[in-house]
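Next come two complexes built around chain A: one with chain B, the other with chain C.
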Partner chain A sequence: MGAYVLKRVARSILTLIAITMVVFVLTHLLGNPVAMLLPADASNELLNYTRHSLGLDDPLIVQFQRFVVDALQGDFGPSLFQGVSSRDLLVRSLPATGLLAGTAFIFASVIGLTLGILAALKPRSWLDNAVSLVSITGVSIPEFWLALLLIVFVAIPSNFLPTAGYGTPLHLILPAIVLSIRPLGRIAQIARGAMVDELRQPYVVTAHSKGLPVRTIIRRHVLKNAGIPIVTIAGIEVVDLLSGAIIVESVFGWPGVGWLAGNALRAMDFPLIQTVVVWAALVTVTVNLLVDLSYAWLNPRVGNQ
Partner chain B sequence: MGVQGLDVEVSVQRPSRGVGMRHSAGRLLRLLLRDKIATIAALFLLGITGVAIFAQYVAPHDPLLQAIPDRLQPPAWVEGGSPGHILGSDQLGRDTLSRVIYASQISMFVGWVVVAITLIVGTTLGILAGLFGGWLDHAIMGTTDVLMAFPGLLMIMTVSAVMGPGLETVIIALSVRFWTSYARVTRGLVLALKEADFMVAAQVVGGTRRHVIRRHLLPNILSPLATLMPLEVGKVMLAEAGISFLGLGIQPPVSSWGLLVSEGRNFISSAWWLITFPGLALFATILSTNIVGNWLRLATDPIHRGRLGE
Partner chain C sequence: MPRSSTPIGHRSRFARAAGLLTSLVLMVAACGSAAPPEQGAQSPGANGTPAGALATKITVAWAEDQPADLDRQIGARGSVTDQMYVVTDPIMKIGVDGSLTPGLAESWTDVDASTLRIKLRQDVTFSDGAKFDANAFKASMDRLLSPESRAGASSFPTLHEVKVVDPYTVDLIHDPNITLAKEVALSAYMYSPKQMAESPDSIKTGPIGTGPYVVKSYQSGSSLVLQARDDYWGKDVFANPTIKDVDIRFGLEPRVRLAMLQSGEAQLAMNISPDDAKQLNQDQILNLHSPELYFIRFAFKQPITADPNVRHAINLAVDRKAIAQLFGGLGDPASQMWPRTASGWVDRPVPTPDVATAKSLIEQAGYAGQTIHMTYSADYKPQMSDVAQALAGMIGQTGLTVELRNLDSATYKTYIRDLDNAEPLTVISVSYDTLEATRTLDIRVACAGTMSTYCNPDVDALYQQAVQEPDVAKRTAILQQIEVALEKDDAVVPLVNPPLLWAKSAKLDFTPLSFPAAPFATMTLHQ
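Let's turn to the complex of A and B:
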């Protein structure tokens, strides 16, 4: 088990190093960030001056050294437009995203798991069909569209739900609902599938025949065994919440990391872009690591392989 | 079992193409017609594809034709609407229905082209990784690990922003993201098939590597990969709409459904139809690809076939 953990951690670190390489290639070798940053009719002097002031005319190896030092500090320099350290900007927007994504995740997990388990207990019932409908709608609906519909048809007529902004619990309601809808659908789908598969296993029949109540069978045996696919999907959802947050925060003007990322990308504020991307990768790799380690806990065979 | 026996095994197990494919297409169609919801979804997809292809004959107006006196008209059935603009008009008097119809071309085109690219690239790399193993496997799978360690939308947006948004960039950025799922699925299939009796037999009787791949491996992995396509198209269309909505995807004057919603956003308090209808078209299309995709996966999976009533 210890060796497994060590190996898995080492792989995460390697992945993270590879990711920062990809970010370097993306931002320094692909395309021409300076041309994207300046208006189309910018003079050559201005282009050269900007390139120089950003250090993009240095030899590639020098740029790479600087990039590595920046990456280790998790900060690629001050934002081009706000003049503040990119890492500080990021850290400042973390609480907002944490609140939004955390609320959405809890909501999606609780409702999604409940719906999935209930549907699995009565396959092909009306409840099962309704859960299928909810989950396929959840994974198909574009978040930005749902968000705008809620603003137009709920928030504006309601007169008390805010259409955008941050600060009170009321502001949290609509963004959290929109952000949770896709993970909710997928968690329900996966939970249902995992439970249906598990309920067919011979040990469930055995438990039934020796007279254990259904409730006990599910709580003691089935849930833990059905846990692996559910934990996987929950891990994926945490990462996907970051993607969703870019859109949802942009629509609702929610001052989190997604909003920051969207603005940085549109403005080609690339110290900020690099900072956000590297931090997002760090979070993703950490979540994936935790998911894999929780497998080993749920299924001891994994750790011994 | 002698060599003679093996030979018979091989010819029996060899997946037949041509006739076999047609037969299974007919069987699939019969199965489909038994599932009402999947049939409706498939018909909708067929219809929307037809509308996209024949946009210039179907659309009532030129999608770029401005008519300032007609601006911001609500849909025809709402008070103040006119039958000339069934789904209303935008801030420049352009016809919403016509714009939604023309936008379907870009949305559908991006979806299918990206899935075609990722199918080819992902399958090729997946086969290489699965067949040859070793460092090649590590390199290819390591790359998918790295690409999947970014939040998807963030990576697509970054590629798009760095390369300069536009149709080609959108296709490249989405392809970079989505080939990984095909590569992983293909590798898994290849690893499972590599040890199958008929593959081993084909090698034992002296089939060359090229022959074994073309006649025995490919036919067996193509159908599971093809059944993944509708689900992938849905995911790609959703991602395209997302980045276009955020201004980092398709750029005007061409339009996609996501971009139309984005443009309508400035008028949400006065013109609800500008965001509602393009989004509805997008949602209905993605919903249909997911319904058809889920159905297709069940219909072609031997374990689940019984559930669909065959």
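Let's turn to the complex of A and C:
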């Protein structure tokens, strides 16, 4: 088990390093950020001065060395556009993303799991059909369209739900609903499928014939055995949510990581783009690691292999 | 586990569930008042005042652009940072007709061709108590002219130095530039010398000026809250604001800005598209007639557009009135390189298209059936994509085939300066913030212009005369000569002056002043 954990951690670190290097190269292929910082009619002298002051006229290898030194300190330099530490900008946006992602995930996982279990208990019933409909709709519906739909048909007529912004619990409702729909659909789908497979197993029949209540069978036996695919999909959704929902945060003016990423891309703000992408990579690698480790708990045979 | 019941039972139960779900959705949508709320209406007391009184708080839904920070002396321009005029006061004010009136300056005069003397008001204080005088003016201008400033170099290209003559008089030493006073009016942001000396970094999040408002809070790229000063020195001179709190939200999608206005969350929404404007009442739309122009730039190094027949044909093929319709009928078709309110305007009608002549010119030039490339940027300016598509169709009627190339903003801003590799046709915009034509001629049509592919030494000579001519009537005459020369050479194809649309609540009284200031201090919001 210890070797399993160590191997997973080492692989995660190497993955993160590789991603960081790739991000540096790809970012510098995006174009000329100085053009975005200055007006279109800026003089050549100002363009060259700005390029020099930002170190963008240094050879790529020099920029890369600087990048590595900064990265080892957990910072990728000041934002070209805002002039403040990119790391600080990311840290400032994390609470907003955490709040939105956490709310959406809790809502999606509780509802999704519940629907999945209920559907699995009554396969091919009207409930099963309804859950399938909800799942497919949730997975298929474009977030941008749903966000605007809710703004136009719910926020505006309701006169109490804000259309955009951040700061009060009311501001959280609509973006959290939009963000939770897809994970809800996916979790419900996967949970239903995994549960149906487990409910067919001989041990469930045995448990039932022993007189155990359905609730106990589900809670103590079936759920844990069906847990691996559910935890896997939940992990994928957590990664998506914590990496920043660019579309939802942009539409609702929610100042989280996704909104920061969108601004960074529009402004070609290299250090900020690198920071956000590495954050996304860190979230992905960490969550995958936790999911891998959870396999060992859910199925001890995995940890012992 | 027991199987579910019969198929007929399924459908019945499913239909009931679907009906229940639909009813629930309809109930939520119908929550609140039965009719849509009056656009921009406030619920009683929503702004902290009794119904019937003037409201003291306004929320502004700004455009998508994100300010780097609020330091307008060091950072480049952006529409939000332009609103720092409510935190600072302008040195002079630019009226909608381009005329200058006193601001923090009482008077100004050209001592000679290279010295502009400004006499400053003597009763002005910054919001931190520091006095506004010649030294404070010089300190701000020195910061604007420092090498670190991205704003100063582009705002004051000809200004070298500021000298203090006496406690309330300064001299601006400059290269010949007749528009310097307007540049000062537009871009000379005055910050407290105390703040600049003691905590210059704090300017990024809260510059201290002489204006009627102070920055209460700033969330980078998200919101800016302004609060009216009780001790504003200019209450009897400039404005005594009834609106005490201004909450500016930026980075919002266009549809969301409109939604905020329609729901009453915002009382002013910036940069509304012409399509969105159709959803509002006419009296809610403000067309600020931005001093911007879209035009086609020809690449004179490309054989096809070096041919005067081809250029003239393209000029004849373009239907400017149809282009203006792309802006919801709110654009002004352009007949020349600068807007009607700019100096140098030549009173002539908008050219009517003549496709037959255009076609014959293309055939004569031997380019019938040939492909010509046009570059634009859909995300650089509004409606650019529609304009480019329309132009492709119009020019296509001449026998040429237009191949469009769309670049992202950053690549486009680099491309338009790469004169050696300019495509035959490029859709470009130019802004006349100071309503002075000379302000942009050197860049866009002069031989050495950084974005100019056109070169006519006679035009250059006229330009040099214009920038040194202090007499307005004479300068106008020279600029008109330039415009006639540009037309004769088919140097560019002026297309349209796009509208700058804002939308306001029906309860907001607001008279637009000069571009770009938003005078919250003179707005009135009724309950």
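Please note the rule applied: the second predicted complex is superposed on the first by the 274 of 305 C-alpha atoms of A that agree within 3 Å, B and C clash if a C-alpha of one lies under 4 Å from a C-alpha of the other, contacts with A are read in each partner's own complex, and residues count from 1 in each chain.
Just so we're on the same page, contacts are C-beta pairs under 8 Å (C-beta built on N, C-alpha and C of every residue); 3 or more make two chains touch, one makes a residue touch a chain.
Being a predicted model, the structure only gives us computed values, none of them experimental.
Look at A:W259: by the touch rule set out above, it reaches chain C but stays clear of chain B.
When the two structures are aligned on the shared chain, A:L148 is found in touch with chain B and with chain C.
Taking chain A as the reference chain, the count of touched residues is higher for C when chain B and chain C are set side by side.
Of the two partner chains, chain B is the only one touched by A:V276; chain C is not.
Looking at the shared chain after the overlay, A:K7 reaches neither chain B nor chain C.
Touch criterion met: A:F81 reaches chain C, while chain B stays clear of it.
Of the two partner chains, both chain B and chain C are touched by A:I156. Touch criterion met: A:Y49 reaches chain C, while chain B stays clear of it.
Once the two complexes are laid over each other on the shared chain, residue contacts for A:R220 go to neither chain B nor chain C. Overlap of the chain B and chain C interfaces on chain A comprises residues 30-31, 33, 35-36, 148, 151-153, 156, 250, 266, 268.
Within the complex formed with chain B, the chain A residues making contact are 15-16, 18-19, 22, 26-27, 30-31, 33, 35-36, 136-137, 139-145, 148-149, 151-153, 156, 239-240, 242-244, 246-247, 250, 261-262, 265-266, 268, 273, 276-277, 280-281, 284-285, 288.
By the touch criterion given at the top, residues 142, 145-147, 149-155, 157-159, 161-164, 234, 238, 241-242, 245-248, 258, 261-262, 265, 268-269, 272, 275-276, 279, 282-283, 286-287, 290-291, 294 of chain B touch chain A in their complex.
Within the complex, the chain A residues that touch chain C are 30-33, 35-46, 49-50, 53, 81-84, 89, 92, 121-126, 128-130, 148, 151-160, 162-166, 199, 250-253, 255, 259-260, 263, 266-268.
Interface residues of chain C facing chain A in the complex, by the touch rule stated above, are 1, 3-5, 10, 13-14, 17, 28-33, 36-37, 43, 61, 66, 68-69, 75-77, 147-148, 150, 153-154, 157, 204, 219-223, 249, 251-253, 255-256, 259-260, 262-265, 408-411, 413-414, 416-417, 440, 443, 450-451.
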